[in-house]
Amino acid sequence: MDTSSSLTALAQAAFWITIGFTITGACIAVFARNILYNVLGLALALTGVAGIYLFLGSLFIALMQLLIYVGAICIAIVFAIMLSRPLHLDTPPRPMPKVVMAVAASAVFFIGLAGVALKTKWVPAIERSTDYSVVTIGHMFLTRYELVFEVISLVLLVAIIGAIITAGFSRRLSS
Amino acid sequence: MTGFPILTAILMSTVFGLLTILLIPPERTKLVKQVSMFWATVGLILTLWLYFNFDHSKGGLQFVERVLWVKSLGIYWFHGVDGINMPMLLLTAVVLFTGVWTMWELEYRAKEFFALMFLLVAGVYGMFLSMDLFWMFVWYDVSLFPMYPLISIWGGTRKEYGAMKLTLYLLAGSALILPAIIYAWVQGGAITFDLFELQKIGFSLLDQKILFVMLYLGFGILAAVWPFHTWSPVGHVAAPTAVSMIHAGVLMKLGAYGILRIGMTLCPQGLGYWSDLMALLACIGIVYGALVGLAQTDLKYVIGYSSVSHMGMVGLGLATMTVSGINGAVFQMFAHGVMTALFFSSVGYIYDRTHTKMIPELGGMSKTMPIASAFFIIAALAGIGVPLMASFWAELLVFIAAVQVFPVGGIFAMVGLIISALFMLRVVQRTFYGERNEKFGHIPDVSPFLAVPRIILIGVILFFGFFPKVMLDVIQSAVIPFVGSF
Amino acid sequence: MDAIFKDPVLLATVVGTSLPFLSMAVILIFTRHNPMLSSRISVTSIVVAAVCALLNLAKVAGASHPFRFETAWMSSGNFHLTFGYYLDPLSALMLTIVAVIACLVQIYSLGYMSGDPGYSRYYAFQSLFAWAMMNMVIASTLLQLFIFWELVGLASYMLIGFYYEKFSASQAGKKAFVMTRVGDVGFFLGIIILTLGFGNLGIPDLNNAPGTGTITTGFITMAALLVFCGVVGKSAQFPLITWLPDAMEGPTPVSALLHSATMVAAGVYVFSRIFPFFAASPNAMLIALAIGTVTMLLASTMAMTTYDLKQVWAYSTVSQLGMMVMSLAAGGYFAGVFHLTTHAGFKALLFLCSGIFIHEYHTNDMRVIGKQGGRKQLVPMICITVGALALSGVPPFSGFFSKEAILGALNAQANPIWLFAGLFGAFLTAYYSFRLIFHLLFPKGGIEEKHAVHEMDSHGHKEEHHGGLFWAMAVPVMILACVTVVLGFAEHSLQGYIMAGGGAVKHASTAATGGAAHGVVGHELLVILGISAGLVGIILAWFEYGRKGASRNGFLSYFPPVWKLFDARWYMDAFFRWFLDTAIYSGLTSIFTRNDRRIIDGGIDGICFFTETGGRLFSFMQSGMLQYNLLIMVLVAGLAMLFFIV
Amino acid sequence: MNSLNTYLIISAFLFSIGLVGVLQRRNLIGMLISVELMLNGANLNFMAFNRFLTPEPVVGQIIALAIMGLAAAEAAIGLSIILALYRKMHSINIEQAQRLKG
């Protein structure tokens, strides 16, 4: 019996470890002075979140998370950092009142959010199926939630074109 | 009656005019003028046909066209003609016809000018024809907007300021009217904007008081009631000839008509309560307009202030709530409209030739162009209220009612008659008599072609001066039941 | 319309009165540029009108009852107005006077106005005047009378301001119109009060109204006095005198027609038209009597100081009008009307003769005319003397008979002062008229031959001056001279004709005179007093101006301040000018204009300015700092959540 | 251990950390990173609900996928704007980009 309890204890520990990873990654991403550390912090946080998704039982989403966020977006940000060379730019000292206000506002917001989350009595749906398989996701994506699929593809298309234009035009201007 | 919707046809004559003008390429100004002339004549012919077929012995609303338009709000496309808006339609048709004809020499962006003018008159026709509160307000605002571009593009002295002030002031007025209409709609209970249904429902005394004062002030601004009149001289000075003709001649009557048609129909007790204030403001307006007119040096300012004084007469007539009072007021609205149109078209002619409206600079015009100055002098005489001209009858009726209901106010307003005679003749003397001003020595007199619109206006003034019965029976057929309903 | 053709009288009146209007319209629109044609049209129309008027006079004299024709003109609510004619002896007589004198003056102005650039315009306005005056005279309701009354005022404005290049002419025209307008507003108010109080404005109904007792005397007095305002305005009575002398700016035939014979007599005519209504209120009559007397004396004093030919006759017209109002107010209905007729005759004669002098010597100043041999002009000289004699009331002429009738009426009054004022007025009239005659006959330094010689060669024989044109001017003058001589003897037949006009008139006039058989003074003594007053005036004038060694500057010159007072028209003009400048122009108008500019306009522009600055004030919120905006958003969202949770 | 509330707390925390980052970072890329964090916080929330409440878990996953796609698009656009801004202003300090000042 103790293996199952130790297994759960192990899982428990793993869960808290991933949460720890996410939190530290987030803090690095936000509070570090050097932009590179921010990006790395972000990557760490995102992998942590992917881990949490695992605990939430949907393997596919965790993998996608790793693929899209950590793989694509962080790399894109690194590209941006290289192109805009913020490193050697002078980073003016961060005005203290601004930071204080930011933290205070976010704290208020967090407490509000947490309060809402705790106070409301979440009522789970009556009958709940636990089918997490990728097949159903794919099936549902193309039948009932077909609109989401269309819209997100359209958004991506527009985003790509937009990115090319804004980046492309400014190059012609500055060169 | 053949069921041919004559009233909508009159309204559509201006709308089609507007559309056809828009289709013409801008450089073909001649064609633009001919087309607008055509549509103005169509409107005039239809109105004249309507006037002769209007059976004043029967009275009440005739040629009614009533179609439910929006069911949920109760908005009807409801047109009707009775004794009160019949003269107004005739006035609009005549003033539009002569206005278009007077602007025959306009070359600068003629297409937009005539298009905007037709939009303006479409608004005016709509307001006079419709008996549905919603449509009245819509057409009322349609007639306000073209004023701004018309004045600020083709205007004269201080045109931007004039245009801005005029439009903002009138919109402030309509800002008062809209809540009143909505308030009436809500208080009325029944889902209908129809004027007569609302009248049947009736309102509580307090509602009537509030409603009337809002409508009176809202429309009063347009009708140049005393404290709110300062936009009208400034607006008229800035406006080009035809626009000030239509504006002073017709639009100011829209305000007075609004008070009469909406204000006094919906809230008779409200009128009873506020009639003393109305009479007081009107009397002040009459004398005040004449007195300030004395001190003006610009011809158009003089006419602007004389219109304030004459519109005061209309206000006084309405305030008396008697049959002859309201008869006089409606007749004065018609007579003053035609007279001011004549005034502005003759001043317009002088301005186009001498490019100055300042009285001290003009002098001895009667020597250089006798016919053109004759037009102004005849208009001035009509302004003074010389008998056998239309405005004399109006003043007679208004004063009979005024002396009966407000003796002190009536007599005080009569002083205005003397002062208006003094200031009108003073203007005529300064501009037309006196020694010849060499600077304008060479100016040719008005060509026969351009003289025709002014002669038509003079003809109208004299015809209704000699035979007032023709107009008064029509007005009376509507006013007697109207006063009966008080 | 067919009714017109059946009834000859109606046909004559309609044709006679409306023809001049047609001629005006035709002249103004079509024949402006053809003087000869327009003058012919106008003269023929006025001649036809005169003939119709004479026909009607004969017809009315014969008929027993007055003619009345009416058509509905305008009605509003319970107020109905009819258009029509009411021909009773008085209006027929007045119609003939107007038509005949207008005809003579138009013929006269063929000569006087020849060569004037505004020739056709002159005849257009003359026809307008004739039309308006004739319609006013025979109007059947008081309102129709008022309408044409104002149109007569308009015609006089046009004719006074005929030479509109001259600033003084247009100024005089404006002054005349505005001053008569002041009186007209009173008249208009009177009409309105009558419509409200009495309902019916018909003239016969008004005359019978006092008898029926439906209206109180207080109401009658008020209405009568208001109508009397119109009389004061139009006939230049006491407060509003000064516009008539200024109206001499117009051409002389206009002064002859309008401002002596017909137009100014309109006020007196209205007084006599509703005489029974007037007579019903004693204190209205008393006030009218007082105003008439004051006007008569004031005007005659003013006439003594001026050297302008036309001004003298203008003042004398005002004083004679005052005399007529006195006689009517004293109850002498026939005396007033008779004096009106004779006065129209000889005053037109005087003006036309002065017109010939002015036309000849191109100056209004009597001394210059006298010096340049005025008396050599036989026709005008004789006729002007005849006119002056008639004016001063010397026996054989018509003036004497009408003045006697008036003195008789004044004599009937209880208080003797009116009679004394009348006699003193007669004396002054004689004095100033003969002052003028002697200035013409015996100029100061005798006649300069030089001017006379120049006269001879340039125009050939002086007598046939302009050939036909001279006779065009001379014939009307001669006709009028004969009329002034003959008319006096027609007094009794005229009295019978007028008095036959209906009971109301006779009853009212006898009532007003208090039926007093014995006057202040016996009848014979009255006649002697009247003649002696006139003769004394003439002898004094002869003594001061006619005699060889005369000083020629009048007894007034011994008291300069008095002379100054009379010359400046008793400072009335100064008062009006002062009142107009301070009270109206610099007072009310400037206050209102400044108020208009500053307070109302300022107020509105202030509101605009306020809204604008308000907008600018809150613009700091748009700091452009993205993060601040986000910050606020987040803060608010957080607080909202907290609010809902707690 | 893994009850709904813990996950909600964690996602709220993540979201607030992202918020702090957005509010006080002065260069755009930092802000972009923080926005990514906020989006992940939201995603986590969805997945948590998906796990504990929704009748059929597919819905949450689809939404999560959509958000990821969206985040990718947003990052692309954000980065190109940063580049354009950098080329024009030669610095990506947010406080200088105040052209919209009222």
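By letter and in written order, the chains are A, B, C and D; residue numbering begins at 1 in each of them.
FYI, a residue touches a chain if its C-beta (ideal position, glycine included) is under 8 Å from a C-beta of that chain, and two chains touch if they have at least 3 such contacts.
Source: prediction; values computed, not measured.
Here the chain at the heart of the shown protein, by mean C-alpha position, is B. Per-chain Cα centroids separate chain C from chain D by 98 Å.
Centre-to-centre separation of chain B and chain C, using mean CA positions: 37 Å. Chain A and chain D have Cα centroids separated by 7 Å.
In whole angstrom, the spacing between the mean C-alpha positions of chain A and chain C is 105.
Chain C has residues 627, 631, 634 in contact with two or more other chains.
For chain D, the set of residues that touch two or more other chains comprises 19, 23-24. Contacts with at least two other chains are made by residues 98, 101-102, 105-106, 109, 113 of chain A. Viewed as a network of touching protein chains, the structure does not reduce to a path, ring, star or complete graph.
Chain C contributes residues 72-79, 143, 146-148, 150-151, 154, 157, 161, 164-165, 167, 169-171, 173-174, 177-178, 181-182, 185, 188-189, 192-193, 195-196, 584-585, 588-590, 592-593, 596, 600-601, 604, 608 to its touches with chain B in the complex. Taken in their complex, chain D has these residues touching chain C: 19, 22-24, 94-95, 97-102.
Against chain D, the residues of chain C that register as touching in their complex are 619-627, 630-631, 634.
Listed in rising order, the residues of chain A touching chain C in the complex are 98, 101-102, 105-106, 108-109, 111-113, 115-116, 119.
For chain A in complex with chain D, the touching residues are 8, 11-12, 15, 19, 22-23, 26-27, 29-30, 35, 38-39, 41-42, 45-46, 49, 52-53, 55-58, 60-61, 64-65, 68-69, 72-73, 76-77, 79-81, 83-84, 86, 89, 91-92, 94, 98-99, 101-103, 105-107, 109-110, 113-114, 117-118, 122-132, 136-137, 140-141, 145, 148, 151-152, 155-156, 158-160, 162-164, 166-167, 169-171, 173-174.
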